[in-house]
Structures are given as C-alpha cells and as structure tokens.
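By written order: A, B, C and D. Residues from 1 in each chain.
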Amino acid sequence: MSEPRDGIRPGLTRRDFVGRGVALGGLLIPGTSLAAFLSACESGHPVQETARTSAQLPVNVPRDKTLVIDQIFRYSVTKNFNMYSPTTPSPTRHGLVMDTLWYIDQQTGQWINALASDKPAYNADFTQMTVTLRSGVAWSDGVPFSADDLAFTVQTLMASPGLIWSSDMQVNVKGIAKQDERTVVFTLKKPNPRFHLYFTSAYNAMYMMAKHVWEKAADPRTFPNFPPVSLGAYTFQDVDPNGYWELYKRRDDWQKTTAGMVAQNPGPDYVLTLFYGDDQHKVIAMKQHALDVLIDLNTEAFQTLRKGTSSVSSWYNDFPWAYPNELNVRFFGFNQTRAPYDNRDVRWALALALDLVSLQTNYEGGVTRVTPFQVPAVPSLIGKYHLPLESWLQQLSIDVDGQAYKPYDADVPKRIGSWAKASGHNVSDSISQLHQLFGIGWWKHAPDMATKLLTKNGFKKDGSGKWQLPDGKPWAMTIIAAPDEADAYRLALGAQDQWKKFGIDVTVQSLERDPFNQRQYVGDFDVTSTWGALAPTAIADLWQGLNPFHSRYFAPIGQSTQAQGSNNWMRFRSPELDRVIDQLTGTSPDNAAALDLSQQAVKIWTEQMLTLPTVSFKKFVTTDSTWWTGWPKSDHADRQPLYWFMGGRFAVQKVVPAK
Amino acid sequence: MNLVAEATDLTAHYIVDAYGQKRTVRAVDGVSLAIRRDEVFGIAGESGCGKSTLLKALLGAITPPLTVRGGSVSYYVDRQRMDVLRMPEEDLRALRWRVVSYVPQGSMHVLNPVRRIRSTFRDFVQAHRQVGDRESDEMARRYLDGLGLPPKVLDSYPHQLSGGMRQRVTIALATILAPPLVLADEPTTALDVVMQRAVIGMLEQTRREAGGTLVLVTHDLGVHAHLAHRVAVLYAGQVVEEADANTLFERPLHPYTKHLIQSLPRIDDRARRVGIPGQPPALDAPPPGCRFHPRCPHAMAICRAEQPPMETVGPDHRVACFLVSGGAGDGG
Amino acid sequence: MAQAIVPAPAAGRQRAAGAVVTDLVRFSPAFTVGAVLLLITLAFTLLSVLSPYDPTDRHVVPADLAPSLAHPLGTTSLGQDLFWIMTFAVRNSLIVAGLAVVIGRSIAVVLGSFLGYTGGTVDRALSSVTDSFIVIPRLPLLILIAAILKGTLSLPALALLIGLLDWAWPSKRYRAQVLTLREETFTQTAAFSGMRPLTVILREHVPFLVPFILADAITGFLYAIGMEITLSILGLTDLAVPTLGTTIYWANYYQALLSGKLWWLIAPVAASILMVVGFYQLSTSLSQYLDPRTRARALARRAAT
Amino acid sequence: MRLLVSYVFPRLLQWAVVIVVGVTVAFAVPRLSPTQPVDQMLGRMSGMTATDPAAVASLRSAIIAMYGLQGTPLEQYGRFWQHLLRGDLGPSLTAFPTPVTEMIWQALPWTIGLLGISTILSWLLGLALGTLSAYRPHALWSRLLANGMVTIYPIPYFILALVLVLVFAYYVPLFPLVGGASGPPGLSLDYLGSIVWHAFLPALSLVLVLTAFRFLVARALASGVLSSDAVTFAETAGIPRRRIVSRYVMRNSMLPQITDLGLQIGAMFEGALITEVAFSYPGIGYRLFTAILQSDYNLILGVTLFSVVGIATAALLIDFAYPLFDPRVRYQ
C-alpha cells in the first residue's frame, strides 16, 4: 500500500521562478561626475508615494476592478496551459484556473472539500477509495463537471508516461469505476491509506481535465490546452506575447465554482498577474500602487518599502512582519558518506559550536522561528511536535567523556526577544507569545562541550587553534549554498564565521541554482546549507516526508538521488528510522498511532542528528491596501495568504475592494 | 619682360617644435627667380638641397611644418601681379589648374586607387570647369588621344597601369586645362630610360601646345640639357648659379656647377668620374659663409666667413661665388 | 623630404626614458590624465598590503556606515570597510585582466605568426578552425562555463577562462600582419642576402610587430576587464574574492541603492570607469608616440596650431 | 567557370566547415556540465507534488525520452543533425513541449529591431563624425568629440548600461525598468509607441558604445588616408572639399569598415546578451541567458546555431562583396 510521497519538498522559493539575470535587475551609480548629483538626492527617496492614480497598467481594465498580482516570473511560453507536462511551473495560473478534490489550508490545517462533497471513504484494508463529487459545479464553457471528468483524468494520465502523476497512478491504481454521475471508486494495487493525498492540495494536487476537451487531444503530452476550459473562478482573457503579464476575468457563473462555493465571495472582476523583475522593481511598483500583492522581498527591500508606504503590510503589522508559517525548514545537511561527517559526535559538536541566536538575529534579522526538529514550528504542527516533545528535549542527553550532557536550551526565544527589544521592536514577554514568534528552543551554544566531543574522537588542535582530523590533517570544510536563496545563503555565511572562530577552516562555495541542486543530488559536498521538511502537508502524519529517507531508496555517492526519487542527499541509513517508516506505511493518517509513530521518527532523527535544522521558512508576503483589502493577516489568520499555492485561490477569492 | 612667375628673396623653413625638440630646417634661404613666359625653366641640384620645397613654395602649397619666413612669390596673370603667399586660401585654390598646375614627386601613387581614371579626370576638370560628366570624359579622351595614350586607360584602375603610364596620366591630369605655368617635380625619376624619353616628349608637347611655361625640378642634368631653356643650380637652399642652358653647360663658373657637369657621363669620354668629397650639408645647421665651402676645392678664408652675393656676369648668367665676385682673391 | 623633418626614431631612442616622459607630460594632456589615474590605481593596489582586515572576514566593523573619516568609503552590510575592500578589488581585477591578456595574446601571437610563416595546407586547415572559433558567440560560452565552475573559479582560473576565449580574433590579425611583413621588399632582400629566416624574423619583423602587439594588448585588457566585471555582476565568479565586479554584485545583493547605501555602489563603479579610462588614455598616447607614422602626423598637427 | 571552382567553391566549403564546427562546440559544451536537465526538472516537479519514489524511475525515463536525451551523446548528435536537416530543433527543455524554433522566432524580432537599428545608426554616425573629425582635427567640436569618444569607448559595457538604467529609469523615471512593450499587442500607435519607449534606453547604450568604437576606427583610417599622396594631390588641385571627403577619404577608408558592419549585422543573431539582461529586454540574448542557467540544451543549441550561421554567412557575403568595394582585390 504505497502512498504518495512528498518528502522534503524543496518548496517553491523565489529562485525557482526568478531568472538569475532578472534577480540582478542591476542598479548602479555612474562615475564621479554624477555622484554629486546623486548624493544630493540621497536623503529623500527618489520615488515618492503617489496618490491612488497609480502608474497605468499594460491592459485597459478599470483599476478599481482589477487585482494586480506579482507573476513571480516571466513566462517564456504564453499559449500553453498543459500544466501536466514536465515544464517550468506556472504558480499564478493553477490557483485561478485549475481545481482538485480537496485542499488542506496550510495556515490552519483545516480540511476543505472542493470538487468532492466530503472526505474520501476507504474500505477496511485500504485497497478501495470512494469519492463522492459535489453537484452544481460547471466548466467555464458551461458543461457540468462530473465523475466522467475525474475518471477520464486518471485514465489519461495513466496512459501518458512523462506527465506529472502519470507514473504514480500507474503504480497505485488497478481500476476506476464510475458508479453514477457523482461517485467514483478507485481500486488500488496495494493498500494505501494515503492515496487521497494525490487529490489533496498542499502546494497543488491532480488538476482535473475537461473530458469533452482533452479527449480530442492527439497526444495529451503536447496538447497546448489553450485557451483553457477551466474550473477555477476565473477564465483566461489575454496574455502579453513576451510573457510579462496575463489577464483573467471572473466567470459570471462564479457560484458554480468550488472557489465561489467555499469563499462565498465574488472576488475582483479582473485578476492581472504582472512580472516586474527583481525586488527593486517590485518595491517601486508597489509604491506606485501598481501592485496589490507580491510573493517575497529580501529584508532590506521590504524595510525600504514599509518605511515609505503606509498602506503596505506583510503578515504581522509590526516586527517580525514576515509570514512564518510555510511548511519548510532551513537546515545544514552533512554528507554522511564522508569522514568526519559520518560520526554522530562530530555532527553534535558542530551543532554545539553554533550560536543560533546570533545567526537568527545578525544574519536573518530576527525574523524567523528556530526549530530543533526537521519540522517547522507552525501553528498546525507546534502543538503536535514542539510542545509535547519539549520535555523529551529537556531530558535528551549525549555522552561527553562519560557524563551525560543535556544540550537543549529552552530560553533561546527569550534571548531573541531581548535582542528584538534592544533593536527597538516591541515584543511581549509572555512565553507563549515568544514561542509563537521565535519557536520553542534550540541547542546550547557550548563550544567547550563541542571541543570535548571532538577530542574524545581523536581530534587535536594545532598551535594556532585550528582543528586537525584524527589522521593529523587540518580540518577543511566546504559549505555549498545558492546565493539566490537568500536565507539559506546568509545562514551559510554565518555558520562559516562561527565555525571559523571555533577553529575549522571553512569555505563557502556559492553556486548557481542548478549546479547547486546537482551537487546535492550526486552528494558532491561536505556540508550543504539547504531547505526542506518532513511535513509537506499541514497534517500531523509525516509519512510523506519520511518515506523517501527509507534506506531502500539510498543512492550511493555519484548516483543522483533524483533517479531514486529520494531527497536523502545526506545519504544516511538509519535502521531504527526504517522500522518506524515501515510501521507508519500501513497506518492510516487519521489513526492516532500515525502521530505517535511520526513523533518516534522525529526523536530518532533529532537524536542521531541526521540533519541540523536551524530556522523555519519566512516570506515577506506583502499586500497594498490602496485598492483591495481582506487579505489574511496575523490578527485574522483564518486561511493561508500564499496566493501562488493552488490553495491560495480562496485568499484571492475573499479579497474585497478597499473603501 | 614677360614674366609668368617670380620669387623674390624667398625664405621658407620647416619649423618643428614638438615633444621638446626644436628644429628648424632651412630648406629655402633667400631664393630669387624670374620665370618667363613660354620657356622651360630647370632647377637642378642634389637630393636634399631644397628643390622640392622651393617648388612647393612656388605653387603656394605651404602646409605645416613648412612656414614662409620671408620674401614673396608672385604670378603675372594677364598683366596683373598676384602675391601668391598672402592670397586668401579660396582665391589660391581657384588659381590652381587654371593658372598653375603641378606634377608631384613620385606621381606613380597620386591617383585615387579605388576609382577609374575617367572619374579622376572628372574630379580635376569639373573642379574648375562647369562641364558635365560626358563632356569631361570626351575632353579627357581627346586629350589623351592627342598625347598618344590609349583611350582604354580611362576605363582602368591605377593598379592596372604600368608605372610609366601612371606617370603620364598624372602629367595629362596636370596639363589638360592648359595652364600657363606647370611645375613638375622629378617627373622622370624612378622610370626606365625608354619611359623617360616618352615622358620628356610629353612634357615638351603639352607645353608647346599650351604655349605655357614648364618649371622642371630634377637632379638629372641630362634631362635639363635636353629640355630646359634656362637652368638654376641650387645648393643647400640657395641658388648658386643661373644661366641659359648652353652657357651653363659650356662655361659653368661656380665650382659646384662645374663639378655637376663633369660628373655627367659622356659617350666618348672614358675619364674616371670624380665625386665631390663629403655630403650635402644638413639643412638644419648649414655651414657659415658660402655653404659649399667645406666641399669647395677653392675655398678661401672669405668663403668661410661671408655669403657670396649674386653677381650678374652675362645677359642670362648669374653666379654667387667669391672666385667670380673677387672677394679677397687670395687663391685661384 | 618628410623623413628629414621628423626626428628619426633612432634619435628618439637614445633620449633617456625620463626625457621621453617629460616630453609626453608637457605635450600630450591625454598622457598626463592617464598617468595620474593609473598612479592612483597602482597606489590603491599597493595599499592592499597594508589592509588591517582580511578581505574575507565579515562583521569586523559596524555595518552600513556612511563615508566618514574613520571609514573614507563607508562600510558594507557585511560589516567590511569598503576602502580596504576596494584596494583588494582593484588589485584582483588587475590580476585577472593582466593574466587573461597575457594568456590570450601569447596564444594569438604564437598561433598567428606560426600560421603566417608556415602557410600552405596547415595554415588553411588551422585558419578555418580559428574562423569557426570566431563564429562561436564567446559571451554565452563564457557564462556557461562560469556557471558550471562557479564555486571553484579562483582568480587564475577565471583569467585562464577569459584568456582562452580571446585568442581567435587576434590570431587572425597577427597572421595578416605577418603575411604583409613577409611580402615586404626588405624581407626578400634580407632573405636573398643570406640572413637565416630566424634572424630575419627577430631583427626585421619583431620591431614591426611590437607596437602592433602593444596596441592589440590594450583592446585585450579592456575586453578582459569588461568580462571579469560582467561575469561577477551576474554572480558567476567566486563571490568570496573581492573584485570590482563582485563588490558591485554584493552591493546589488544587499540592495545598496534601495536602502540608501549609495557609497557601496559608487566606489566600485567609479573605480572601474576611472581605471579603464586612465589606462586607455595612457596607452593610446604612448603608442602614438612610439609609432613613427603617427608621431609625424602628430607633429604636423601640433605645428599647425 | 574557373573562378567558381578556384575561389567560390572552397570558400563555400569553409563556410560549411565553420558552421559544423561551431554547432558541434555548441552541442558538446552544455553536455560537459554536470547539471542534468532531467534531474533539475524532476527536482522542480517533486517540489510541487507528491511523487512516489517507486514511480520516479518510470517518470524519469519517460521524460528523458520526451526530451530526446536518450542514448549516448553521439547518438543524440546524430539525431540532432537528422532533425536539423528537417528544420526541427526539438522541444525546449524548460518550456516543454514548445519547439525551440517557435521560442526563437518569438524573441528574434525584438533583437533584430533593437540591434539592427542601433548597429546601423551607430555605424553611420561613427563613420561620418570620425571622418569629419579627422579632416578637421583642430576644430573645437572635433577635439571635444574625440575626447568624449575616447572616454566612453573603454568603459565596460555592462557598467554603462547599468548606469543608464539607474539614472534614466530609477532616479529620473523617464523610461520603463522592464519589458519590451506594454499594452495589448497590435499595430496600434500606442503599442508601437510603447515599443520605442521601452527600446530607447537599451538602444541608447548600444549606440553610445558602438558609435565610440566606429568613430575611433574611422578617425584613425581617415587620418591615414588624409596624409596619402592621392589626397594631397587632389587638395593641391583645388578639388572641392566635399568631393575630396566623399570620393577620396571615405571611399578609401570604406573597405575595412564595410567588413566590420557586415560582421556586426551577422552577429545580431547572437543577440545583445548583456543589453537584454541589464534592461530585461525580451530579445534572443535574454532567452539564451536563461537557457544557459537552466541548462536547456536544445534552446542553447538553437540560438547558437542562429548566431553561428548568421556570422558565418555575413563573413561569406563580405568575401564575395569584397571586389565590389575595392577594385584592387578583383580576383582575376
């Protein structure tokens, strides 16, 4: 009963979409002759906040009826909506145009029935799943959505290898039976209590195909599906041939779409997705109120935008501003096929040599939550892992020269809070509030303990305080990192500084995004500053995240982990973890045992220091309230604000015109 | 006296003052010449004696670093005297090819390499005559035909013609408008003897047809003997002797002229030719007194001290030498 | 007649180098401007030795300070003193460009002259290979290789990479130059008079080629500086090593403009412009002085004013 | 006929060889990079949706087949030439299944428009100003212009481009920061207006740099020609200046500049990569740049093929057109 696997999901970061050149954008000061002129206007910001009549948009639609969304990247191909083919992702399209059976809201963990009218029904041994569909849903061309479409979608995908979900369906589905217009029964090749997750959107899930359109396609793999017949509340209207913007119009019959039914709100008449280029241009656009919501900014760009424009806000109104609840974590991965990183004590020593408070404040601006677990401390998970397991953390001990040392440091959030107060931000002192903002705790900053751990394993310090490996050679470590993933890269620089002070000769290799990925896939690194988490969906059951780390998917050095479909770049093999995963495989996610087994896995993971998680994700998801309000914020966090997720369609739908 | 052009006490030097080096090359130093109508006036002298500079001055083509330090050059056009060196640039340009034209030194390379001879003729003719292309081509064809040059020359490019042919085309270019005064700088050098004869014949024919004057500069006394009516001998930027051709060749007075004539090979004369010791002086630091004295077998004390004045010793014969003007006369 | 006027080069050479420089300083403003700018650049490069901070150390000074007496060029968001970083940046950029020119031009000269002198089928075969290298767009190739090697691209490796991509076009120019020299009459006369071919090359051709190589090296240097800066601004070189390009990269990375830290951008941009302009002014005025033909024309022009 | 065999055929052969070698290099180099496009695509896909590890193996081989990357590089190379001869450059790996040719045709007009105009404009401007400045070296405008050009020329292009973006798109927001045009595409006036408005800064940066280069080359060549014998002779003959500049100076210094222009136009297909990246202009260079960073083999190969063929053909045409411009090079 193999289940859909979505282990450590790299998550959709800004870099996935923003081309290197674009991120540069490039702004520069001329030679000396012009410097005088520029420094004259250095004080006041050159681009003042203009009134509501903002810069004109590239399309002539009424500004007050149009929601302008940051398109995140420029489409190189504009007339192709075949979102099943292996191509660059198009995040701002699937929320508006596509639909699937269920959604789990990443902020609240709430289960949302979309095309399905209620939860999936499994038989006793999880070899059959029955889906009953919602009635009254229609395609954009008026044809009603029915069981035929669902059955046709799965059968077409099974018959066309190379499309997303096609090989998953081939591996799982034995047969599909349409019982009536609203019911479909899937019979599975082997028991799989999590088969429904293929249709349950965290970032996205299986898009439904319109049978009456796709059946005419010669080859579904190259069918452009343009202009798309869609299930979303919006229909495709117009596109810039150079891929800089796309225009969508709300369907008149928006009540016949699940977005309308769930959100119970018409939403904007038009949605315009627009590509402005790098942070620099987005800031200018939002200052001119020509952009209503954007995906992310680096800290400096956000501060500049926030200071100059009153109508702009991210998740929190005040420090630390950014949206902290994406299901992802930054972590240092040690290549456990290379000495000395295969030694658990060494990994623990490296952890104790770090001062996470300094990393989180000086390098990340104090804006993210710390987490000792490979699971982010988000609202839907903090109650299931961080709080219940805190007592276990306090008891956790590692053997240092015969005596048991307790590495856990519970007042990390307090120290970050005091740093924040010192830097002039108002932060409350209540421990629950601090846990919300900065996570529960991390490992103590104990270089002396780290030194003992290393000497216990035969490491020596040479005359000038530099560490030598047990075989006498100086310890030289290289960290690989991708500069366009800002938080991970700044953590790498911070770790380099701290480990250098500790006595290790550390160099950071800053790699272009694809070569960085490739070096991880083939295990060509000592340490990697990367990201991922065991909980891709906001449910307590971690099977999706844990399964790819099972040793049966282990990829030896040199062979790409992608060939195995695993994210185990660190290449560890843990028999105890395998046993827990095997037990979890047969357990239904709703069963309480699933949570208990997942907690066991997290304990093993943490104790064996398989990875060194540091902070969870944060994004300056920023909105401008000049034209539209109603975005989810920290004070009314009833749904996720991630508009580029498929589930973000509800946030877009619930937006209302500003007074 | 029907003069066509005249230089009075003309002094023109090359003044160079750059990159910290100040040099003055005294190429022409106080030269006076009277050039008559309808004659061939030869200017002879070794290379580096200022012949070409003098000719450029006569033409009024003063381009830096050549600068006029004194004296004047004038043309006599229908009884009217024109001071060439002080004329405005535009008027001087108007005179060119109508009143005076010039056959440059090394005229093998002066034709525009990328255009046919026909269009070069058009440039020269239409610069001074209001004629269309067709008429200019017709004029050129008839003129070349008259000079015995094959008309197909007009359709070819310079690199397709031999050196001699290019030389003659340049001469044709200079004389097509039949200007009263033609200045030719070393027209026969770098040519084989046969071609020299053809060029000399052409010069004679064009001058006679135009009834004009030819000023001929060459170091080759043989050419002067053949063509020139009167010859002036130049040494180190100064005229040392001037006479009609026969007087000069038969009764040269100045030691330098005598020597030049003796060095001419004669068909019947087997005697060894005697060269003058030493080199012509560098013009940026000419010797004091008579500039020839370091190489003059008869040099006297006065020769080293003063410059010999120009003495008229015959109807058409002038010479500047103390042997003749009898300075202190302390030696034969 | 013209030769007599112009001071013969032989005479020029005897003048002490100092005298030549004083002449140039007095008479060619371009030389003076260039020399001053280059002196500043050299001073900057030498200062790097005195730097109290190691260029790769971060947070050694308070971050984001505007230029002040303590920090003449201000400090960066990484907590580095921009003045000392710039001394390393200028030095490293010069090293890369210098090495790249030497590598690129030596290949070009050797290959060009070899082809020029051998001729025949070897020449035709190798020339068509060179032609195909000219046809391949260099910049995308450079970006591709840099993107692959990026993390491991040390300064010499970067110089080698730029040098290896800048030999095709110059080698064609040198071959053409050698071909014309071979056809010159003085080569034939030297060969007839029994001079061994090698001495013909060394004594006759090299003096002709040297000014040509010098002038060509200038364009090579400009290309190399341009490439280093372009690759670095795109983030395709070792970002830990401070060069003019990487300083601009980091200024962009930390949004120097948006957050009003202009000094962080002005310094590298102004430095690269002034350095390059200075170098070009100096080298063109110098090569004009060395090449007799251009000097004659310069004299004529000078005398006329 | 002999001309065809002895000259045209070998030149065409060389043209073909050059293209094959260029294309082979463009085929091989991206494949040397360790980055595997299929792995990258799987990484992106697994980043979005649940993919069972057991299912990944079949998904991976299916994608490899779709991308046409199956078999050894040699087989791929063979298949590439088969498809190429049918005009099919294969699908883009990052924007599958869109064929590469479609993506190139979509971006090419932007580059041709931007580069075409700025190349020709700067060539004419640079040539005219350079030649005139050589002819009038001491005029104030000429000296100022020369100093300006000598300052602009060496500045690294990327810095010049970024300075323009900063000053005229950020501090003084006259021009847009991103994109090629705005508004619904069509032949309407405001769409064309927006194209010009977007293309102005990139074009300005190109024109500045290219004119500076052309100016310096033209000036050097022209001053060389100006001191040639042909021009001095024409000058002395009083030929009007306009005719001297156009018929003598321009014509003689034209040939090397024509070859430059030809090659620059040939190189247009490579796209102005730096310009398009610095100004985020939607041309072919920008597309090549993103293709390189995402190791999209087919797109890299497609764009490089265009630029290699472009330059090689330009070089070929120039060789054939050579004799038209310079008679001296006529191949008898």
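As a working rule, a contact is a pair of C-beta atoms (placed from the backbone, for glycine too) under 8 Å apart; a residue touches a chain by one contact, two chains touch by 3 or more.
Because the structure is a prediction, the values reported are computed rather than measured.
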Most contacts overall join chains A-D
Central subunit by CA centre of mass proxy: D
From the centre of subunit C, which other chain's Cα mean sits the farthest off? B
Return the distance between the CA-based centres of subunit B and subunit D, expressed in whole Å. 56
Can you check how far apart subunit B and subunit C are, centre to centre, with Cα atoms defining each centre and the answer in Å? 51
Centroid distance [mean C-alpha coordinates] between subunit C and subunit A, Å: 47
Centroid distance [mean C-alpha coordinates] between subunit B and subunit A, Å: 93
Residues of subunit C that touch at least two other chains are 147-148, 233-234, 257, 269, 273, 300, 304
Send over the residues of subunit D in touch with two or more other chains. 33-35, 158-159, 162-163, 166, 170, 277, 289, 293
Which subunit B residues touch at least two other chains? none
Which residues, counting only subunit A, touch subunit C once they are in their complex? 20-21, 24-32, 35, 38-39, 42, 45, 279-280, 283, 298, 300-301, 303-304, 362, 480, 483-484, 493, 497, 507-512, 514-515
In the complex, the residues of subunit C that touch subunit A are 58-59, 77-78, 147-148, 150-152, 233-236, 238-240, 248, 252-255, 257-260, 262, 265-266, 269-270, 273-274
Of all residues in subunit D, which touch subunit B in the complex? 228-230, 232-234, 236-240, 243, 247-248, 251-252, 325-328
Subunit A partner, complex, touching residues on subunit D are 33-36, 38-60, 62-63, 65-66, 92, 94-98, 102-103, 106, 110, 158-159, 161-163, 165-167, 170-171, 173, 177-185, 277-278, 280, 282, 286-287, 289-290, 293-295
Residue numbers on subunit D that touch subunit C, as the complex places them: 14, 17-22, 25-26, 29-30, 32-35, 137-138, 150-151, 153-159, 162-163, 166, 170, 223, 227, 267, 270, 273-274, 277, 288-289, 292-293, 300, 303-304, 307-308, 311-312, 315
